[in-house]
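Read from first to last, the chains carry the letters A, B and C; within each, the first residue is number 1.
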Amino acid sequence: MPETGPTGAGLEVRGLVAGYIPDLPILKDVSVTVAPQSVTVIIGPNGAGKSTLIKAIAGLVPVSGGSVTLAGRAITGIAPDRMAGEGIAYVPQTDNIFRTLTIRQNLDLALRKAGGEARARLDELFTRFPPLAAKQKERAGALSGGQRQFLAVAMALAVKPSLILMDEPSAGLSPKAAEEVLALARGLTAQGTTILLVEQNVKQALRIADHCYILADGRNQIDGSAAALIADPVVGEIYLGGKRLRAS
Amino acid sequence: MIGILSYLVFFATLASILAIAVLGLNLQWGNTGLFNGGVAAFFGAGAYVTLILGGQPQDEHLGGFALPYLVALAGGIAAAALLAWIVGRLTLKLRHDYLAIATFGVAVAFENVMRNALWLTGGAQGLRGFERPMRDLLGDGLNYNSVFLAFVLVLLLLVYGVLQRLAGSPFGRLLRAIREDEDAARSLGKMPARIRLTAFVTGSAIMGLAGGLYGTFYAFVSPQDVLPTLTFQIWAMLIVGGAGNNRGAIAGAFLIWGAWTASGWALSRFAPVEAQLYTGSIQFILIGLVIVGMLLWRPQGLFPERLVVSQSGKPGH
Amino acid sequence: MIQSLADGILVGAVLSLGAIGLTMVMHMLRFANFAHAELLTIGAYAALVFDRVFQGVNATLGAKLAPLTLTGSLVVAMAIAMAITGASAVLIDRFVFRRVREKGGELSMVFASFGVALIVRNVIGLIFGLHTELYSKGIAFAVVVSRDPLLLIKPDQVFVLAATLVIMLVLHLVLSRTTLGYALRAVAENPSLAQVNGIPLKRMIVLIWVIGGGLAATAGIFYGLTNHLSPVMGRDLVLPIFAAAIVGGIGSIYGAALGGMIVGIASSLALLILPSGYSPSVPFLIILAVLLVRPNGLFGEVRA
């Protein structure tokens, strides 16, 4: 997989304005730069527009201003079903697999455009996620939370994306499963994929991230390298010291 | 001259009765977003029960309790409300299609039972033996019909007034909130299912009132009066009038009832004899076209709900 | 009793074919389509027209495939009727439902579907007349399968049942063995995730109308073959078909197939107790029973 893997493409988001209702944008002005083959994490309080940012990039929320470019190609407001063709995969936070299909059927569906390569890619995915191989005939709805995320990531990888957008991949998982999923995300960059993820689980996410953006009320607040933000006393106080976070 | 006047009184009475039913539907659909596919059943329950309670004893079927008229009418209203309560309890917590299907099913079953339960309703022959109230005093004909029209108009205004006040009240705003966004309404700590049930039962009781008046006017009701056609007509009236708007609902009732009678008259008068059999089909196509056409080209109706449109700041459609 | 069971299974086959398409559309487009049963009528009458045309063109096609009253021309006409009905469903969606969908809520869609049903039903009545029609004027003799208990079955009924089973098997294979089938199920379960996975939603909606229309056409033709055709057959079948979809659980294709059988058999058995005049009420009783006992049906999922 590493040799044939895609080269991660850089993502540029400039002054993005987006929301479901034209006059009430949730994203008011957000700019984000994601370097190729890096992990960038978006954090911020509830309602800051983190998930909306990811959905707007994926074409699932109407964009009314600003631009999104991937490796120099404009993909602003792309139709969601054309995303895969542009090399973007999106892993939603919940309902990110088809529960009524088996694991194998989920993957076959994700691989259906792969043509002759499908078989080889399926084997690669099964090698990478042995638990999925073992349970391939079971209904995906029966998987545990962590395995569900693995399946969702496996489906995302099926299209050999250069960019993967992940919406709170560790939400609802046990600390151990959360760590595994985040480590998996980190590992993907080594094979050439670029990752943009939204997380509530700030401490764990910063540990695996290269760069971090903090959003508040639909706008950029602070950004910097993950290492710098962890060290920053103000950020530490506000985002890493809260009750919620201490519990995790 | 008397003939025309008689006809106008006759027409206005029926249109006003139907307008009451349209107001009931408006509370359900226009204000609360509840689909009622069985208007004819709630209307029919009002008509049948009013006549059974208020009629003279009959050999062929149940009824003839000869209760005072207003008690009988109240019984008809209660019957419609009870029917709505049963259907509502079973379906209002489920996704909206279930209410649509269940109410449609109620109407099919209601008409079917009325047609077959001879002991209860007189079957296809209909329910007989009802004396119109105060007939001794007023006699028959124009005299009686004019007074009855006045009675119906008073009730129409009463229902209109109550619903108008309701729409402006906190309860009315709650209904609208549920219609627009159920999750938001739930987050306010209100119980949408219960409030929807209240609105559904109230709306159906109003249809029961209309049915009771209809039965009184003809002193007779049969399964022919509770066919799905009635449901479609009442929908068309509300769609044309504009869902959510009580004044529009009344205007729609007069407009559609006028168009229906006029088209029936024109078809029976001008269509060739061999086509007479098909006048019903043509009228159904017309009403189908009215429903589909309005939804496609003027979904807000001819008399849209101004209040809400301006409040939510939405563009024209 | 046995006879009622056999009759019920036959009615059930027609209802199952109708309910499969209905449940798919209801689930994906989120509205109760009261015009679905009119697709059965369109299919049945389209087959009637082409059956007569082929018989006129080629007399050997018109010969009965003994012991059935079914003719070769009707078999060919059936294929054409499926295509016509599928196309009608797509066109109705294109010109009415899709435009209403883009404008407003699910409620408007339900109203629109009633309007469409009224128009379709009565236009067919105007064109073909309000009387009933038969595909074949020949009398189909029933075969005595058993004298005690008495069981009479017509060859046509056996054909209808076998054909229904074959159609369902094909559908099952498509849904469980092909990526197209997975895509259909994926879209039914979670349309936005399906889109994210590169499945074109609009094309899938068209496909579901085509499949639903095609199945409805076969249901209508089978109904015509074992009963008769009439412009109001949609009106009479709409409630039982909805009952089948609800019994199975809205959205469940396998549930709809089974639900059709259950409604067919239950309706037939109910007439052992109830006077036959009450048969139109039976589907409603079944709906009430399901809502009381298991509101989401046999295979349905809880949905808001």
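The rule is short, and it goes like this: contacts are C-beta pairs under 8 Å (C-beta built on N, C-alpha and C of every residue); 3 or more make two chains touch, one makes a residue touch a chain.
Please read these numbers as outputs of a predicted model, since none were measured by experiment.
The central chain here, found by comparing per-chain C-alpha centres with the mean of all protein C-alpha atoms, is C.
More C-beta pairs touch across the B-C interface than across any other pair of chains.
Among the other chains, the CA centroid farthest from that of chain A is the one of B.
Centre to centre, using the average C-alpha position, chain A and chain C are separated by 43 Å.
Per-chain Cα centroids separate chain B from chain C by 32 Å.
The distance from the centre of chain A to the centre of chain B, with each centre set as the mean of the Cα atoms, comes to 54 Å. Against chain B, in their complex, chain C makes its touches with residues 26, 30-32, 34, 96, 99-100, 103-108, 110-112, 114-119, 121-123, 125-126, 130, 238-239, 242-243, 246, 250, 275, 277-278, 280-281, 283-285, 287-288, 291-292, 295, 303-304.
Considering their complex, residues 58, 60, 80-85, 90, 92, 95-101, 105-106, 108-110, 112-113, 155, 159 of chain A touch chain C. Taken in their complex, chain B has these residues touching chain C: 29, 33, 35, 37, 90-91, 93-98, 100-102, 104-106, 108-109, 112-113, 115-116, 232, 235, 239, 277-278, 280-282, 284-285, 287-292, 295-296, 299, 317. Listing the residues of chain C that touch chain A in their complex gives 179, 182-183, 185-186, 189-190, 192-201.
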